[in-house]
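Multiple structures are listed underneath, in structure tokens.
Next, two complexes with chain A in common: one pairs it with chain B, the other with chain C.
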Partner chain A sequence: MEHFEVRATLARRAPGNRQQAVVGVNASGNVEILVERTLSETETLVEVTTAITGYRALWQAVIEDFFSRCPTGGLRFAINDGGAKPDVVSLRLMQSAQQMGGGQ
Partner chain B sequence: MADWEKQRRGRNERLAAAAGYASGKVVLAKDVVPLLSAVVRTGDRVCLEGDNQKQADFLAEALASVDKTRIHDLHIVQSGVVLQAHIDLFDKGIARKLDFSYSGPQGHAIARALDAGKIELGAVHTYIELFARYFMDLTPNVALIAAVQADRAGNLYTGPNTEDTPTIVEATAFKSGIVVAQVNEIVDKLPRVDIPGGMIDFVIEADRPFYVEPLFTRDPLSVTEIQILMAMMALKGIYAPYGVRRLNHGIGFPTAAIELILPTYGEQLGLRGKVATHFALNPHPTLIPAIESGWVEQVHSFGSEVGMDEYMRRRSDIFFTGHDGTLRSNRLLCQTAGLYACDMFIGSTLQIDLAGNSSTFTSGRIAGFGGAPNMGSDARGRRHASQAWLTAGKEAVENPTSLTRGRKLVVQMIETFGEKMVPNFVEELDSVKMAAELKLDLAPVMIYGDDVSHIVTEEGIANLLMCHTADEREQAIRGVAGFTPVGLKRDRKAVEALRARGIIRRPEDLGIDPLSATRQLLAAHTIEDLATWSGGLYQPPAKFRNW
Partner chain C sequence: MSNLIDLVNHDYYEASARDRIAGILDPGSFHEFLGAENRTISPHLAQFNLTGAFDDGLIVGAGRLEGQPVYVAAQEGRFMGGAFGEIHGAKLVGLLRAAAANGARKGIKAVLLLLDTGGVRLQEANAGELSISEAVHGIVEARLAGVPVIALVGGRSGAFGGGGIVTAFCSRIIVSDHGRIGVSGPEVIETNKGVEEFDAKDKGLVWRVTGGRTRAMMGGADCFVRDRIKDFRAAAIAQIGAAAPFTLATLVAEQKRLAARLQSYGDCRDAPEIWRIAGIADPASIAEVSEEAFASLPRLKEAAHDAR
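This part shows the complex of A and B:
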């Protein structure tokens, strides 16, 4: 089991007012992501918990790419990984950010 | 005095040696090993019919049971090395040399046997290439084939799975070879004659029907959102702009996803009747919704598919059927259609390098190529024009003239990472190292980079036609290689420049929101849905019945 965080401090505010969302499933080849609007507007954080060790640099690259593509200021993401490939992680992260874009 | 009839005399000697086991042409199943021992000689070239679908499995097991002190050093020349019995021939020393095309499930076993020196490998061919060699330098001395039914005169009904049989029999029978057929049953009257009895020497009613693998059934349940996204990009970014009407789909899930979104996303794009109307294709169950929705005009097939027989019988406007109603497939002719009459091949692969070369030979696995090298190659002899062909040809040169030839679209769909996080994009194909280790003359490449026109990944489409230097091509490939080491080593500026020129297109460049790629777009979500679409005519095999 590996656990780590990727942060950014100059984020653009994530649109919408929704406080919490869950996307994906904690299943093999997939990820479950819990998003909460709990940080200050310029901060964002992804917390990764994965059973598959040794891919930290890859996670870092996927998450930084996500930060550069989506405004996520204020959002804290908790990923529970079931061995998803990077493309699935990217897609789920984008889906979770989109969910937060809606109203309550 | 020159002897010009050694082969015919040899054939007559073999027939005489076998006569005691046959009543006319009919041989009992219990006599199969003595029969084969009488007609097969050491050093023979033998074709044991088998491809990616049907298998002369009863005869394969019998051949693997002959006395190897009497019969050995056979040269196996056949489409598929698929069964355990095929491997046994080499392990036991009955066969030594191998020329083939496809190995699928035995890919690891072939690699091991090669490594152990049990197999002397000639070449890995594409089907049509191996068939061509049957008529030049690899003519079989003995062909062991499979059919559904025979009559006592040796006429054969091969039914929906005709596949390779006519080609193998033609090459063997007309060059003084011996042809033995295993059949599911011997009957008085055949529904139709697929192979005339004059070309068949012996028929044996096997103790079980010949094996057929449902290789082309893709369960919609397993189609992922990523594959749907790739399918959307392919439809909007390739099918639509080139107006691709005549094509072949590979066997993988990304093309199954395309078939399943034709009636939904394809319909939204207004493409019905404008693309994907004529197929050289095995009868993919996932094509049923598109057929039922009026997308498809015609399908010619290499082989059949388990469970599709009744559906095809009742869709004779779409499929090629005999007067008895059942499908007539033919691998040689369908591959020829794929070479000369298709404007596009689109399929998956396992590994792509920086020049766009792709291979299914990965470390420790020799999977063979099947039809992909043929379908996925530009036919330099083609002379008829079509919109897709001409458009692709013009894109491939800097200053097109009225003499600029067209070219086939060859599209590789590949997710950037494979099973167990193995990157599908590599600096060097595994097959290069394998060729060095096994001392092969030529590293096995399924599709050469210069034949590939587009690569589709979840990150976007790379148009290799429009790349005019090796450097552009490399950056175009890196630019769709995602988070793989090859993708991460991209020159970001160069990639953005390629994107500005439309050589790389991201989902957003195509007006596709990745978040809209949901399973809702699939016209069928399960195998059961496919059966429902077919009005109950498609009868899925047991292993796909999960309801």
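This part shows the complex of A and C:
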């Protein structure tokens, strides 16, 4: 079991006013993501809980790529991982940002 | 919750628990109790190196169904097979107790249970089993208080183990083609009694014995619907008013009906044998005709009952 956080300080506030969203399911090859608009507008945070250890650098790369694609200032993401591949994680992160009212 | 897909016309089977709730209730009317932000994650799963879910695989809350206030609970069948754990079970029991204690006063017209479960979660089995007993007690109390409990079964995990028992206690049961209802699942029967007793790999056999068509034909479910969220919604609206009064006389009548059914069909090994004894012209066709054609077929005459 591994638990870690990836933080960033962003200039861009996440668009929209929705306070919370849940996307995905913690099932095999999938992830559940809870997003909450609880941080200051320039901060963002992704918390990862995964049973598969040793891939922290890959998670970091996927999440930093996501930060570069979507304005997520103010959003706190929490992930329960069911063994998702990086492409699935990336798509779910973008879906979760889209649900909050912004992103591609 | 997704706004990219047309929930109302979407398959029920493929939808997530959250999407099922959103598509069945009046749009935007759902208010979740103990939402994901409370992070009610199972305290047990981490000991087994398993990650949890923020809602522990059960979503509970209140909403409206064609304007009428209802409570709803939906299991996410893809998270641990929708299985009952301690928190998952406690959320369901809490909702049922709320319905029993003050549902009638608050004008709650029904509790909808969107079951999608393999039964009890093995990693927290004692707590899960206990919650099944408490849920069954909660259903009885809600029904005695005049709040019908409607089961909707059409997910990939069906309603098995304790989930099958919970289903059987409900006021009305709505099932689709994909919905399977039973207590011991096919693999459990095969493991305990041998492949000669039940071949769990024979998917045709599994569906003919436990599937929605057989349950609806024989009165194990009250209503068969096509696998669309809108059909489950329409059926739920119709079934609220159809729930029979919960009295001793109806239970005695049901006991008689089930004893007679066992007498007639107790030796059958597969569903078509039942249809043959019941006088259905082409017994093999029951499993093969389209959903629409099946929905318009008459049920067995002994399936008619109002004991639920």
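Everything below uses one rule, namely that the second predicted complex is superposed on the first by the 100 of 104 C-alpha atoms of A that agree within 3 Å, B and C clash if a C-alpha of one lies under 4 Å from a C-alpha of the other, contacts with A are read in each partner's own complex, and residues count from 1 in each chain.
Please note the rule applied: contacts are C-beta pairs under 8 Å (C-beta built on N, C-alpha and C of every residue); 3 or more make two chains touch, one makes a residue touch a chain.
The shown structure was predicted, so the numbers you read here are calculated from the model rather than taken from an experiment.
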Three-chain arrangement built on chain A, chain B and chain C clash or fit: fit
Residue contacts on chain A - larger count, chain B or chain C: C
Chain B versus chain C as contact partner of A:Leu10, first or second or both or neither: neither
Partner chain in contact with A:Val88 - chain B first, chain C second, else both or neither: first
Which superposed partner A:Tyr55 touches (first chain B, second chain C, both, neither): first
Three-chain overlay, vertex chain A: chain B-chain C angle, C-alpha, nearest 10 degrees: 70
Touching partner for A:Gln20 - first (chain B), second (chain C), both, neither: second
Minimum Cα separation, chain C to chain B, after superposition on A (Å): 5
Overlap of the chain B and chain C footprints on chain A, listed as residue numbers: none
In the complex with chain C, residue positions of chain A that touch it: 1, 20-23, 25-27, 30, 32, 34, 36, 49-51, 78, 80-82, 99
Chain A partner contacts - residues on chain B that touch it in the complex: 224-226, 229, 415-417, 421, 458-459, 482-483, 488, 514-515, 517
Chain B-touching residues of chain A, taken from the complex the two chains share: 52, 55, 58, 61-62, 65, 83, 85-88, 91, 94-95, 98
In the complex, chain C residues that touch chain A: 1-3, 16, 18, 35-37, 39, 41, 46, 49-55, 76, 78-79
